[in-house]
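Okay, structure first, notes after.
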Amino acid sequence: MMARAMIATHPDVKGSVNDALIRCIEDCYSCAQACTACADACLAEDMVAELRQCIRLNLDCADLCTATGSIATRRTGSNEAVIRLTVQACTEACRICAEECERHAAMHEHCRICAESCRRCETACREALDSLA
Amino acid sequence: MMARAMIATHPDVKGSVNDALIRCIEDCYSCAQACTACADACLAEDMVAELRQCIRLNLDCADLCTATGSIATRRTGSNEAVIRLTVQACTEACRICAEECERHAAMHEHCRICAESCRRCETACREALDSLA
Amino acid sequence: MMARAMIATHPDVKGSVNDALIRCIEDCYSCAQACTACADACLAEDMVAELRQCIRLNLDCADLCTATGSIATRRTGSNEAVIRLTVQACTEACRICAEECERHAAMHEHCRICAESCRRCETACREALDSLA
Amino acid sequence: MMARAMIATHPDVKGSVNDALIRCIEDCYSCAQACTACADACLAEDMVAELRQCIRLNLDCADLCTATGSIATRRTGSNEAVIRLTVQACTEACRICAEECERHAAMHEHCRICAESCRRCETACREALDSLA
């Protein structure tokens, strides 16, 4: 992912990049992929009936991570209130999805990796929020 | 849009539909389309340089409306904290985008209609939040 | 949905609207909602294990309908080759998803309604393709 | 991005991963971010009026890359006809967007980097299509 290089060349940014926001963007795209994959892998498990809540949280988390990655990428003009609220919603979606995936991590390797991805994104979102303060 | 019919037949809903949430879902999809169209129409205007902030807010609003429409549609299991935070972010994105579009409404009919769509979605989001309380 | 009004006010369109394309846009957003809801309702069914393929096709169809609604909404500049290929992919996604949902339509009302939504969108996509020829 | 690890643990994949498809998925998410950033950076340029077509193609390409990354990630059941058509549409969107960005690459560094990202994604899409044949 070239998020840092892309944002560093934005006319309004001129090289002064917010690294915490860059990590948040990259982790959001990565987490969207992980959650999409985990939802699909859970769906293929024999015990799918016990993974319904995990699939639902994965899909919600993927939707929010995609929106957050895109909204946090934009630097033209200003929309900080919306970035802030979106990143907050994404933080919570990642936290809740990680918690659920961790419950299945011992049994399903995709849940273990997805939980890691969600925790990393949750942390990156929190640090991005601090950096915007 | 068949949002009401679709959600009424969900096994966990069994006909007891939250009408405020249904309106929120439908207005989110509608507003995503309006904001996508308004961003594109602004881009084609001679005075595009003065519409940069409008385009940016339109794109952010479209991303959040799409995510909100999808997340608010899901009824399996539970994810109310995330629905609530997502709808809150969407409310603010709609409000801010409406304000900006209203500034150009006298000059650009697409901004006038888009502002209406954003205000309708903002109201629907607020009523959905109340209904979840 | 205000797709017609929004696109009619685009500076490059000036009132000469392609009605087949408008219907395609509106049906794409509507079908994205129906498929998102059907995937979620299938996930909540006791027989979820037998609905895995339906859920997978619903999610793929929702993703393509969302992308198609957005891409077909844009009228600035030109990108007809991409619109055409996207609408073709969407036509096939709708057709295949409709076929699968029809298999479960007698048992699950959400599949019956979703199949209708997919067939309507499939037809609208075909007519939009004809209108672009 | 953990696309390889996530897909390798899918119950239906069992370690036999299609590496060309993995690269396609990762490049799609990366290209979606680059195109979103390039559209926004173009919007902030003094010469925005000359970059309208670039912005439009960037937005279309981002939409298709996002849908393709998500659809190509799913391995449950089968939907190869739709994956194939979606990746074809994405290949063309990347090729056309790269061509346009290359025209501005000497003047705008964000267009130069975005063009590279689109070319890489275009190649990855072609190789994924070959691998599915």
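Going in written order, the chains are labelled A, B, C and D, and every chain counts its residues from 1.
The rule is short, and it goes like this: a contact is a pair of C-beta atoms (placed from the backbone, for glycine too) under 8 Å apart; a residue touches a chain by one contact, two chains touch by 3 or more.
Given the structure is predicted, the values throughout are model-derived calculations rather than measurements.
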item	value
Those chains which touch subunit C and also touch subunit B	A, D
Shared interface numbering between subunit D and subunit B [over half = same, under half = different]	same
Distance between the centres, which are taken as Cα means, of subunit B and subunit A, whole angstrom	21
Where subunit A and subunit C are represented by their mean Cα positions, the distance between them in whole Å	27
Contacts with 2+ other chains: residues of subunit B	40, 43-44, 46, 52, 55-56, 59, 66, 70, 74, 76
Touch-based graph of the chains, sorted into line, ring, star, complete or other	complete
Interface residues, subunit C side, partner subunit B - complex	1-3, 5-7, 9-12, 25-26, 29-30, 32-34, 36-38, 40-41, 43-46, 62, 66, 69-70, 73-76, 108-110, 113-114, 116-117
Residue ranges of subunit D in contact with subunit C within the complex	52-53, 55-57, 59-60, 63-64, 66-67, 70-71, 74, 76-79, 81-82, 85-86, 88-89, 92-93, 96
In the complex, subunit D residues that touch subunit B	39-40, 43-44, 46, 48-49, 52, 55-56, 59
